[in-house]
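Next, two complexes with chain A in common: one pairs it with chain B, the other with chain C.
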Partner chain A sequence: MSKRIMIIDDEKIVCEMAKISLEEDSYEVETFLNGTSALERLEQRKFDVVVTDLKMKGIDGLQVLKTVKENYPDTKVIMITAFANLDIAIEAIKGDVFDFFPKPVKIKELKASIQKALSE
Partner chain B sequence: MRIERKIVLSDMFNLILIFLIGSFAIQNLNLMLTKFRFIEIADDLNVAFLEMRLSEKNYFLYHDENALLEIQSDIESTMKIMNSVKNDIVRAIDIKQYNTLGSYLKSYAGVVGQIMKHKARDKKSEWSLRAEGKKLKEYSDRITREERIHISEIIYKSKQILFYSFFAILLIAAMVNRVVSKMILRSIKEIENMAKSISSGNFKKIKTSPPKDELGSIIHAINAMSDELKNREEELIQSKKLASIGILIAGVAHEINNPLNNISMVAQTYMDLYEKLTKEQRIEFMEKVEIQTERIKTIVNNLLDFAKPKEPTLIMTDMSTLIRQTLKLVQNMLEISNIETELDLAQNLPLVYVDVHQMQQVLVNIIVNAIQAMSTHGILSINTRFSKKDNIVETDIKDTGKGIPVEFLPHLFDPFFSTKDEGGTGLGLWVSYGIIKKHDGSIKVESSPGSGTVFTIQLPILSKKGAANE
Partner chain C sequence: MLRMLARIFEKPLDIKRAFPLFKQILESNNRALEVIADMGETMGGDYLFDINYIDNAYSMLSRHLTTSMQDFGSLTKNRYQLEDKFDRIDSLINSVLLGSDIGNRELVLTYDRITWTMAREVGGKNYHLSELVNNLDLNIPAAFAITAHSCTEFFRHNRLQERISSLGGNDISPEELADVREAILKGDIPRDLDSAIESAIMKLDEINAAALTLAVRSSAEDEDGEFTFAGQFQSVLNVRPRKDDVERAYKEVLSSLFADDSVVYQRQLGYAIGSLRMPVACVSMVDAVSSGVLYTESPDMARKGTMMISASWGLGISVVQGHTEADLFIVKKAAVPELVESKVGGKAVMTVTKENGGVEEIHTPADLCNKLCITEKEIMELSLCAMTIEKYYKRPQDIEWAYGKDGKLYILQSRPLVIQEENTSDEDITDVEEIQNPAIIKNAGFVVQKGTASGKVFLLKNPSELELVPRGAILVAKNDSPQYIKAMPRAAAIITDTGTPASHMASICREFRIPTLVNTGNATNILHHGQEITLYAADEGNSTVYDGRVGVLIDRGRKQQRRMEELYEFRKKKYIMGYISALNLVDPLVDEFTTDKCKTVHDILRFMHEESVQALIEASLHAGRRSALKRLEISIPAGIWIIDMGGGLTAGAGDIVTAEDVLSEPFKALIQGMSYPGAWHTEAVPLKMGDLLSSISRMPGLTSDEAGIGGKNIAVISGEYVNLSLKFGYHYNLLDCYLNENPKNNHIYFRFVGGATDIGKRSRRIRLLDIVLKEYGLDTQIKGDLIIGRISNIATEETIKILDHAGRLIAYSRQLDTVLVNDSLVEKYAQRFLAGNYKI
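On to the complex of A and B.
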């Protein structure tokens, strides 16, 4: 059974490109443009890895991370952000984020990180 | 004139009046005392003269030999008295009258001496003595009577003068006080007006040449404060600019990083999957790249617009007309969203100096925000008015949209701040704010969730110089 990956980013292209690239590696990928719809989906299905943007309108990446860690502790969270800000990175790591990528994201590095997360 | 000096002067004036009247009263009193002293002396003299006249009678009628001696002794004592109180008498009546009285007494004494020498008792001697005695007594009575009348006159005159001057003082004091207190009140009133003007936010310097009184001191103080405030304001603007640059850099990093990341991810995917992609997909990918570069270009252009503004071309403009023209630009958007417009545009507004292109940019920014806040079936109300008090033209742009949460209001004009779900650069209001500031105007916003938003633009009248100096 293929592993399920959730991508959350308000940039549509990020969702599209990540989906195409990850599906190439036989992952099952679902994408969401905001935190609210993503959390709703999480209530219905289990995901192995959640890749989320940090800064989003409404529910942001930190809130997604918090909810996932509380309700689905087995699910790994990878954070990406256009804000290359160390303070936020530290805050995210405190919240038990699996990995942290500043934009622009290298897809190969992201894939490697996902693989590592799944093998743990 | 200083308030203190005004009060001192008014007091001095009153004091001088009181002093003058007091001196007059004292002088009159002294004169009366002199006259009374004379009347006292005159009464004694009159008694002595009367006794002399009685002795005359005794000598001629009753042949009393001692009578002439008595007269002589009376004359002697009277002369002594007259000499001893000469000063008192002369002060009351003049020296001429005193001398006349003295000469009458002497000639009377002369006749008495003659009669004694000859022991004469004939009719001629009697007649001559009687005549001298009568003359002396009558003269003395006459000056006494005259002085009594004089005293009555002085008392009456003093009474009149004191009575009228009392009212004159009252009247003058009241008038002077009124004038002085009016002057003082006028100064205080002007000070009060200034205080009101300052508390209502007018921190400008007072240009009129300050008078040399408390008002002047206050004007100096206010002007010094105004300078200080201006310095502080400049410091504040500078620090706000620095804060804005901080926000700007963070915003730029985030805003440009997103499309950059998009381009990068498209490129990576394109390279990875090149063989698998169809021709259409490849073109589609490149279109995405193009759209993202356009996005970056827009951000950069907006930044350049703000950072390096073109010199505004100011022309005299009627805001009501400009709004009608601007509405044509957004007519299509309004129709698509089914938004009604309610216009209350003042006729014959005073003209304002604006760069028409920039002002339209501001109006379009605010109107587009309003349309997006209402989505469909809202009402866009725009009204213009002239505020005579502040000499400004005000424009309200009101929507019936969802409103803005209170916590967002302070950041509304910050760069890259956007409440839109997608597609907002967060630069529109920031740029608008800069444009309005360059026009020497101000822009305010009032909003609360559910009750819509009102933007108010205030533009000063005839501020070409102010705007061009920016």
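On to the complex of A and C.
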């Protein structure tokens, strides 16, 4: 069965490009433009990996991370963010994020990280 | 002309000020090009990027460009107004970055004025047709677009906007819709629009000398062509070119926005009724002998790699609507397309125009029914044209075409062809490992644009051969050059020995999405002309050139790229790059190399680079008049005097210097060439009486200013620079070169003019120089007895090699004109020289 990946980013282009790229590797991908709708979806369905942007309006990436770790401990979280947020990102890594990427993210490296997250 | 006059009369900047400015411009330009390269790579599909990235990258680019423009202004004494050009580009880019619509308040546009920024305003049909003529130079019927803004204006003028807005609900009655349609048909055309349509019709009349009628059609596809609204809106055909008729047809087309079926369809696509604004295309009707449809990919999987043409007599409507059994042709796609199957259709009916407007379907005359309606030659022409369009859009196309009574092929429409994809999603890297074809070049150089392509190698010897690069060939060359843009519409891929990912050419390759591998070191030695190869350029350190065609790689590459490019957001961001990395200024040797042609950031950078070289040359020539000179003593009596701007000579060098004192790398290479044994002929060659008379009767021209002072030959040098101006008898020879470890900075400029002999001999010498310079990769331009050769973006070693040979050429050609008594000797002496035989 295909592994399920959730992408959360308030920029549509990031979601769309990530979806296309990951579907090439036969993952099942769902994308969300905000944290709220993503967390609602997580209540309905299990995802193997959540790739989330850090800085978003409303529920941000750190809150997504916290919720996932508390309620779905098997789901791995990969954080992506603009380079300016590096300090917060390092905090996030301490908070049990599986991996972290500054934007722009090389798709090949993101794919490798997802693969690694799934094999653990 | 003004520029030339300014150059002649204006005193150039002092070389001591000019040279540091030149170096600063190089530095800023390089940084700007690096940012462009990074943007091209990041936004090319391999990275997830967001608007912050583009914002940051663009502001960095603006900073470097502004710095460079300031220095350039000082160097050229503000001769050019580049700031205005950049302001325009900057505001367009910012309007996209800020998410606002690019302002366009035009009512009617002829196709030559349509650019990509207007895609939304003119609608998909107009936009794609204008691309075919503006970007691909294909023949389409003369046409104009009535913009979406006109639609808004029409609704506003007739107070229809409120009425339309009130239709918003889900239960619009057919009566309400009929009322709106009626109101549109009765509406007045606003005065501005009325006169804009009238003048557009008059312009068309000038182009179409013969009696003209128009097809007035909706152009309301969305700009990605995802929703074509095929058949949803009305088209009015064979409309007489009279303002009233066109305006009536225009209103009919607008009213079809509110046709019952169309409203249902718009709702299904998620459009609020009344939210669509309709641009309209007014296209000249082709008086067609035959017409039809071409699919650039056969829908039949068993016929993969072939195109399918359906054709019938008269207008294409019968074929499009499937009313007639058309002729069918299957053509295999190749550099030279191959007709593999022809089938005569019954063609019982055909559509023709009616004398008083409109069209009708009639029975095809009996003698035409069973006769093929296009010739094999026409099939070939049509196929090549279709392949060009498919290559441009990077996906299969559904093309409507017609052959007119004038014998010309017209493209009437091209849109994406929706075909069932083969299920090959499981193909992965394993396929690559299973490839049987030998890998000829592996992981060498930089991948400038990723992608996969196969084709036959075209080994480029000099830029003049670019016109000869056939469709689908892989261009293999020593250096990279922006001039290759001339071959890009036809080249499947580009591979070079030298080059960097931030060069002008690299940016253009990304713009054109042509798979490109640079700096392979020795591709021109490994690959041979005509050899079939496949380039697989995946990533840095992951590229391979295979012998032969590797189909599995080609298919996979095409599919991945297409999906990414279909994203609206992705394309929008890519649009920005259209104002940054596209290059219109290709060839500095042509007259159009002006500020007016600077439409993109890349153009401005290129313009500044070329004109900075010119400004430096002028400053160097001027320097000879005023500076302290040192005499160079070498084995040949060249009579060269040196001005050192720093680092060109050893610290303790006296007033007389020898070759050993010279530290300037480019000058050293030149002297070495000029002193090469046998190249410099010391014995005087006797002039004939005719030659003497010829030389006496010619006054030294403006160019004489450029060759030294008081008979002295001057070299302005630094550690990395030489400007050598020589006057030997009646000819002037100039060589300017900047050379450092960064190939992007390097250039050689060679100029030769005049001579003592008659014009026949002098022009033979020019032709000989042309042959030799081209052999060394210089691009040349000849005017009478003047030749200019240029090359830039060259690796350090290559530059030194060319300088050495240029030095020999300067020495060798000094008196060569006297012996070139007939044309056949030009090639003979050129080949001798290239073979290292310098005997005259």
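Rule of thumb we're sticking to: the second predicted complex is superposed on the first by the 116 of 120 C-alpha atoms of A that agree within 3 Å, B and C clash if a C-alpha of one lies under 4 Å from a C-alpha of the other, contacts with A are read in each partner's own complex, and residues count from 1 in each chain.
Operating definition for what follows: a contact is a pair of C-beta atoms (placed from the backbone, for glycine too) under 8 Å apart; a residue touches a chain by one contact, two chains touch by 3 or more.
Everything quoted here is computed from the prediction, not taken from an experiment.
Undergrad: Touching A:96 in the superposition: chain B (first), chain C (second), both, neither?
TA: Neither chain B nor chain C is touched by A:96.
Undergrad: Is A:40 contacted by the first partner chain B, the second partner chain C, both or neither?
TA: neither
Undergrad: Looking at the overlay, does A:20 come into contact with chain B only (first), chain C only (second), both, or neither?
TA: Both partners, chain B and chain C.
Undergrad: Is A:57 touching the first partner chain B, the second partner chain C, both, or neither of them?
TA: Touch status of A:57: first partner only.
Undergrad: Which chain A residues lie in the overlap of the chain B contact set and the chain C contact set?
TA: 11, 13-14, 17-18, 20-21, 24, 82, 84, 103-108
Undergrad: In the complex of these two chains, what residues of chain A are touching chain B?
TA: The contact residues of chain A facing chain B are 10-11, 13-14, 17-18, 20-21, 24, 55, 57, 82-85, 102-108.
Undergrad: Enumerate the contact residues on chain C facing chain A in the complex.
TA: 42, 45-53, 425-426, 539, 560, 563-564, 567, 569-570, 573
Undergrad: Contact residues on chain B for chain A in the complex?
TA: 250, 253-255, 257-258, 260-266, 268-269, 272-273, 288, 292, 421-422
Undergrad: Which residues of chain A touch chain C in their complex?
TA: 9, 11-14, 16-18, 20-21, 24, 26, 80, 82, 84, 103-108, 110
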